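You will see two complexes here that share chain A, one where it goes with chain B and one where it goes with chain C.
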Partner chain A sequence: MASALTREKTRRFGGEASLGIAFVIPMVVIMGGLVLLPLLSTMIDSVYNVSPMRAGTPFVGFKNYIDLFSNTTVNQSWRNTFYYVVLAVVLETAGGLATALLLNKVKIGRRWLLAAVVLPWCLPPVVNAVVWMWIYNPSYGLLTGVLHSTGLMTGPSLFFNDRYVMLFLVTLVHVWRMMPLTAIILLAALQSIPKDLYQAARLDGASSFKCFRLITLPLISGGLAIALSQSTVFAFNLFDEAWILNRASLDTRTVIIQVYLDAFQNLKFSLGMALSLLAMLASLLVSLFYVLKVYRETRFD
Partner chain B sequence: MTHRNFALAGGKIGTIIAVLVLLVWSVGPIYWSLATSFTSPTDLISAEPHFWPADMTLEHYAKLFGSTSMSQGNKVASVWPQFSRAIINSVITSVAATFITVAIAAFAAYAFARMKFPGRNVLFFVVVGTLAIPAYTVMIPLYRLMIALHLVDTYVGVTLIYVSAFLPLALWLMRSVYQSMPLSLEEAAWMDGAGRVYTLVRIIMPLAAPGLIAAAIITFLNAWGQFLVPLVFSPTLTTKPLTVLIPEFVSRNYVDYGLINAAGIIAIIPPVLVVLFLNRFLVSGLMAGATK
Partner chain C sequence: MANLTISQLKKNYGNVEVLHGLDLTVNDGEFVSLIGESGCGKSTLLRMIAGLEEITDGTIAVDGRVINDVAPKDRDMAMVFQNYALYPHLTVAENMGFSLRLRNVPKAEIRPAVEDVAELLNLSPYLDRLPKALSGGQRQRVAMGRAIVRRPQVFLFDEPLSNLDAKLRVQMRVEIKALQRRLGTTSIYVTHDQMEAMTMSDRIVIMNHGKIEQIGAPLEVYDRPANVFVATFIGSPSMNLLDGVLERNADGIFIRTETAVIRVAGEISGQSGSNVIVGVRPEHLKIVADATEGSIPFDLDLIEPTGAETHLYGQTGKVLMTVALNDRFNAPLGSSLYLGIQEKHVHVFDKENGQRLN
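So, the complex of A and B:
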């Protein structure tokens, strides 16, 4: 009977490989043509000088990269991006973990609370930035109003004049949008922890904090690694919020804004490509670092 | 015993406060934008913030939807021609990208989950690996490619870029959905003589519908919110979406906050509807994508 079934399968699905290939061909064409070939072209063209403003594409070796490292404007955008990444990842992880723990605890109306939490992630980042730009308005904004009415600040507000305050305000808009994703990922991890582990720990007299450190944290480490990598990649790619709130201002300019300016406003394609490759490598390296470190430190032995 | 009751009550009050803080943080800015969009221009520039519009006005919406409108006492042309065009552009590119992405992912993910063919694992690794690559890394060569193909500022061009950007996530999600389904379903259908394609389309896909809906929602929301891609690839109103048009309402020396908040509220209607009615699918999709 079993062998008959196998023979039957082989007869009918001898063409499995060709059918499988047929199923993936549209994907291969699109991903190959619009992602992988352009990526290859980015790598190759970053050592040439490609610009729509001039004829010919002379080979320049690592000149583009050397130019980037010695350019103070580019270095400033790197510093801004690292500031965004550190602050956004810390705030999203702390806030996301707190939100996930709360969502895991709330029983009544959880569906609606979840909907409210997810909402910011669903909205266009541009609209978020516009809404927050109005909140941050120095004269009539909600932030100024609240600070005045609570007496925390008197007189005119000058937040946009301070570079670090401005970087923080841009990060806050980004965190508002991305924190829900961290919260959902961590909630999924929390829900996969068997309840009887906690009961057993309670019987042994473990405190809430001890339960959290010895049960919760190790068991959500996989989710934590995913949450950390995605928040890092998204913070490295920060463009919309900084662009809407402060345009090309050097105070808040990110590496991706620098790429956009180099390529599409100054029409230095090769310089932009070299910079975007460096940004990609940096974000990949940091993500990889988290994945390895989180796994190593919190693994169950 | 009383001590314990106190602790329990304290914990409950703490939870309630935490929930309120979370609600204000998540929904507060949206409420503030909604209230602003109904507040008259004179109230907007008063010293005290109004948490509730004192006298509701539809003035800002009239500027978006009327043929002409009043601005500072002068009759001016409204932005309706641009605004309506941008709504249409946003809908066409997002809906098209969603359908194409989900259709491609539904078949490809099944092949990766259930079929054996040469290069399967390498291919899956490469495609999902592009999730870690910022989409903007490939924008410059993509721009040259699109110029060569005469696809800049066309629906086809923008839609194709969206598909290439959002396909890996949909693929990842759909593969985990197929993998969690019992193989016995397919085997039963094959025993009854159904072919592989028939089994997939008529039996497996309807059962995987929640996953397909989740993939569609996530793709749609991503496409609807895209900014940098259309900023480069949709320079004119032929394909310019809402996300690119709305920031243009912000001019260098004067910002009509009533108008941009009203426009923002219109732009978030589709995502808000998704959250209100399809949140179950969205959350389970995000969770499945994150844990498998």
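So, the complex of A and C:
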């Protein structure tokens, strides 16, 4: 019976097709089990009221979502997050592009420079944030010391007292960690541009700036879209830096910190799930925009 | 108007000198080919003219104005690259109009200019395609079109046909030549294909190890190679060379080689008794029935029928020789034959320095 079934299947799919399926199955199982299923169950649970503090899981429809929109604390964390995203993406992209262009020009020791550039990205986020916490420390921090010794600031440093300064400083830590990735993605894109295109452009009468705008930029647009997407997604998911530097402070609280607080401090699981889904949706939408608007097919063959 | 004058041009890469003081004048409207083996410096010379390589020493001048320090974009030269260097993100029309766009020519003028050239090159149906949707020959045409649209003073070609298949290469060769005639633009064409150089050029520059060996019209270079290098480089199959000794006597001038005594027509410099090299092109040899005066004994090793010609490979003494016959030829391999030479087709070179003597 079993062998008859197998034979039937072999005939239907053919040897090659079943080999292909065999190759794909591990990936499908892993992605399905670890990404799609949890996502699905999160979606389902977000319309119920799941809480360890009460019996039963009543169906509440979109109540959790409606509650989130009218919650001022949540709205504040959204505003913080958007601030992070805009600032981080702009700084990472500009800084990453500048770094990549510079590395692309360097001829000697590029490997070592690359290794040095990548270092912050290799550090665990928590370690990175702790290092910067020391730098920002009002009494013995490096930043305070530098500002005092150069005379740019007198008196005690009170960075943490101003909401916007604090948001900026948290972003800076995040950018410090994530910029290398953007730089590497863009460097790879830069290196795939044939040199003779620039020579042709120079003979066609292009200045360095025109070469950059008319040749480089369009030809790295694929890498740029990828770099923008990843920096956006990671900025939306910002947690460690804000948590280490300022804990749960509402001034610097991100959506993901809000999810953590709702779900695991206040034990409102479903509310947290709904909020995390919204955060995911937001970063997906922005990434979609990049792919549609920035990405261009630039492969020759 | 664009007369190009290159004088005492040198190029160093670090401590290595790759071009050793070149002198070359290209007249307005002339089509000049640079030919030589890989690494002889022909592409480097072209790129120096374009401004893509720095000049170590010497000058390049256009109409008397030295352009050593002029940026490539201000030299008013257009280059066609070996792999075309088309902008992959721009359409055919945008590629061709790129230089005009950079010169801030109004859009309303760019399009007609591009369309005119596209018409000329049979590219009209492809103007809105991206380069990736074109065949190799079409891409080559776009690269040509990009150079033509801007009406430059000088065209520079860097082995533009080497990525095409044989049939297309012949076709494009004819097209480029016709186009250049029509436009009358001074052109410098780098190639390693002597057929291209011979058929397209007004003059050929033969380069070897960073030096110019000879400059001359195609047939002049073929008929009177200046030295042994040019003699063997131009012509296929390559010229036969035999070592010999120069003899002057009452009957005339002769070269005594290991296996034959070859008569030389006309005047010749060189002392009697000096060591020389005799050169005879394979197509100037013929099979003669018996040993006659001046004939060369030839032991046949191999017959290669190419259709139009028959190539015979063999040796005289220990020296390998090639014969190219216009007719079909058949003989058992290993047979001993005799080769006849026409006196006027004998080339004599100095054994010491390789320079032509007659």
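Just so we're on the same page, the second predicted complex is superposed on the first by the 265 of 301 C-alpha atoms of A that agree within 3 Å, B and C clash if a C-alpha of one lies under 4 Å from a C-alpha of the other, contacts with A are read in each partner's own complex, and residues count from 1 in each chain.
As a convention for this text, contacts are C-beta pairs under 8 Å (C-beta built on N, C-alpha and C of every residue); 3 or more make two chains touch, one makes a residue touch a chain.
This one's a predicted model, so the numbers in the text were calculated from it and none came from an experiment.
Chemist: Per the contact definition in the header, classify A:218: touching chain B only (first), chain C only (second), both, or neither.
Modeler: second
Chemist: Quick one: is A:291 in contact with chain B, with chain C, with both, or with neither? Answer first, second, both or neither.
Modeler: neither
Chemist: Give the label of whichever partner, chain B or chain C, reaches more residues of chain A.
Modeler: B
Chemist: Figure out whether A:239 sits in contact with chain B (first) or chain C (second), or with both, or with neither.
Modeler: Once the two structures are laid over each other on A, A:239 reaches chain B alone.
Chemist: Once chain A of both complexes is superposed, is A:153 in touch with chain B (first), chain C (second), both, or neither?
Modeler: Neither partner.
Chemist: Per the contact definition in the header, classify A:282: touching chain B only (first), chain C only (second), both, or neither.
Modeler: After superposition on chain A, A:282 lies in contact with neither partner.
Chemist: Please indicate which partner A:200 is in contact with in the superposed arrangement: first for chain B, second for chain C, both, or neither.
Modeler: In the superposition, A:200 touches chain C alone.
Chemist: Quick check on the output: what are the common chain A residues between the chain B footprint and the chain C footprint?
Modeler: Of chain A, no residue contacts chain B in one complex and chain C in the other.
Chemist: Can you check the complex and tell me which residues of chain B touch chain A?
Modeler: Within the complex, chain B touches chain A at residues 15, 18-19, 22-23, 25-27, 29-30, 32-33, 36, 44-49, 104-105, 107-108, 110-112, 115-118, 120, 123, 126-127, 130, 132-145, 160-161, 163-164, 167-168, 171, 190, 195-197, 221, 224-228, 231-232, 242-244, 246-247, 250, 255, 257, 260-261, 264, 267-268, 271-272, 274-276, 279-280, 282-283, 286-287, 290-291.
Chemist: Note which residues of chain A are touching chain B in the complex, please.
Modeler: 9, 12-13, 16-21, 23-24, 26-28, 30-31, 33-39, 41-42, 45, 98-99, 102, 105-106, 111, 113-120, 122-128, 130-135, 137, 139-142, 145-146, 149, 176, 180-181, 184-185, 187-189, 192, 222-223, 226-227, 229, 233, 236-237, 239-240, 243-244, 256, 259-260, 263-264, 269, 272-273, 276-277, 279-280, 283-284, 287
Chemist: Contact residues on chain C for chain A in the complex?
Modeler: My answer: residues 50-52, 71-75, 77-79, 81, 83, 85, 87-89, 98-99, 102-103, 131-132, 146, 150.
Chemist: Enumerate the contact residues on chain A facing chain C in the complex.
Modeler: 194, 196-197, 199-207, 210, 214-215, 218-219, 296, 298-301
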